[in-house]
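The two complexes that follow have chain A in common; it is paired with chain B in the first and with chain C in the second.
After this line comes the complex of A and B, so read on.
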């Protein structure tokens, strides 16, 4: 009973204040996106093009989550601590969630700007294949029964995929001239209102990611401990019952 | 070890030829554009190569020789051996199926120097990445052959796209396509180097699991 516990994610007054601040930040960026921003000039549908302040933060949070997943995959291979495997997997799942959100907001954006939800733009293709990598990661995990083996294979695949992904997301979109996505907009093509809302959204979603990450990791760590203890107790019970006492007379 | 299963090479080459016949039979007389031909060529090559490469480590685990290899040789040597064999396999498949492809579906023009470069670098990248995935899959408990395709495909996607884009430049005379193909060759080389080096470094962790 007196094992060291991980700090519960919802303890302490500082956490509560932080969460209220995060809520306010998200409200502010959402309201800013819907109500405050002027319609974007130079777009097919200037009012709807404001979705960019939701689309870009989703992709940033997904990049952050993928980076954290890769980092803990490296840590797992170095230290062989199953806690690192949990962190890597949780972050991987959250990254998938944010990629899906990026794709959905991007599809709405594409409908109003380019005329169809799906245009086979090079970045749309890249995100589809990126999503396939995540699906393959979980398929690989599902196919291995032993937890340590599963963790090692998953970490190795995560690193391997992390090395091939830049070819999809960076090299290919930049090597071809025929993409519909704008280039270099984030480096100075934004008005101050847009910069503020967009980067506020990035900060907000990244904090949401950190929060979800910590809650999930805490839950999964507790689950792992419960399993371990249940196994240990079973072993104790079977050790006392087995071998069976020889029958009397 | 691998040389004792030479029929594997024959089987994979035959697989490529069969696919090729099926594809060219299906599209013959429909006047396929050159860029579609480039895509068809790489899809045939990819699937033929994957069907052979998936077996590399599974065979050792099934025959029970993997543990002996683990004791006898360092991981890097084992991986290098498998990688060399798989590279040879891919190159043989290419050498057999590409000339037939050019005969069956002749494109407008063929830039042979560029074609050889694309095939060589693409083949190196293909075997470098697929060998590692094969090592991963050999450790999995169930559904190995289907899983190999699922897991290898997304990792190989950049290679497929780059090689197809470069082959478009091989198959037509548009100067812009040609220049882009030369640029793609460099990226293909980078892909092959990165994937092979990463596989060499990560293989030790997977192998001794």
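After this line comes the complex of A and C, so read on.
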């Protein structure tokens, strides 16, 4: 088995600056979204429609996490390296988290624009289905005990789930005019202030994803190494006490 | 705008909490990685 290696550590000073810059970017986009942006025209509640600068970045980060999970699932199916399975699972869990955040921010958006948190709009139904598909991935993993079999099944399921994401969140809602969800918001429908804040939010959330991904992969890899080490020590102990002492009568 | 100020504190606090959690976890993981590598190296040397 190829052992997954943690990502190489960066230099301390540069890394600390990067982390602080990320926090500043997140705070700046939040403050920009609340204090700098003008009320959004064309919405029922123009002041609160500014939540779009939080809602869209969540879905972008979810797409990125799904893409990375799929990439490592394909890598696992090609190389059968359990390190790829760890990366795929961690990224899939983060994708689920971002899809849930997209749903929650979307529900707040729906409340202020359409009067109810849940309207059974086609996009809301589709994202609910998608979230359930993602939850089922973890149920599948929990149902299989053998690590190799579990990783293979999870990788195959991950491909199916990731392929369903663009279909359910983009193709299906855009194939019908019967939806409350605005269409083409990002294709030239935003003012420069909104574009700047929104893409700043996308960058910030994607960097949070990258950081969380690296840290959690490192945690899982450490656990795997500790587990292997404990098994090795158990083997050494059982070898030293073998053969057992004869029974004394 | 004054109504939005308290509302803004919610995402700000969430960001700071997430950021602090990731920072602490990252440092802890790196320290554990160094300790484990050192221990494994020592064990390998003992085996030799």
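Keep this in mind: the second predicted complex is superposed on the first by the 230 of 249 C-alpha atoms of A that agree within 3 Å, B and C clash if a C-alpha of one lies under 4 Å from a C-alpha of the other, contacts with A are read in each partner's own complex, and residues count from 1 in each chain.
The rule is simple: a residue touches a chain if its C-beta (ideal position, glycine included) is under 8 Å from a C-beta of that chain, and two chains touch if they have at least 3 such contacts.
All values derive from a computational prediction rather than experimental measurement.
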**OP:** In the overlay, answer first, second, both or neither for which of chain B and chain C A:27 touches.
**Re:** second
**OP:** Once the structures are superposed on A, label A:160 by its partner contacts, choosing first (chain B), second (chain C), both or neither.
**Re:** first
**OP:** In the three-chain superposition, say which chain, chain B or chain C, touches more residues of chain A.
**Re:** B
**OP:** With the two complexes superposed on chain A, say which partner A:212 touches: chain B (first), chain C (second), both, or neither.
**Re:** second
Original post:
In the superposed view, which residues of chain A touch chain B and also chain C?
Top reply: none
Subject >> Residues on chain A engaged by chain B in the complex (per definition of touch) >> reply: 77, 125, 129-130, 132-133, 135-136, 139-140, 143-145, 148-149, 152-153, 155-157, 159-161, 163-164, 167-168, 171-172, 175-176
**OP:** Name, in rising order, each residue of chain A that touches chain C in their complex.
**Re:** 6, 9, 19, 22-23, 26-27, 30-31, 34-35, 47, 54, 208, 211-212, 214-215, 218-219, 222, 225-226, 229
**OP:** Flag every residue of chain B that touches chain A in the complex, lowest number first.
**Re:** 129, 132-133, 136-137, 139-143, 147, 150-151, 153-155, 157-159, 161-162, 165, 180, 183-184, 187, 191, 194-195, 198-199, 202, 205-206, 209
Original post:
Contact residues on chain C for chain A in the complex?
Top reply: 1, 4-5, 7-8, 11-12, 15-16, 18-19, 22-23, 25-26, 29-30, 32-33, 36, 40
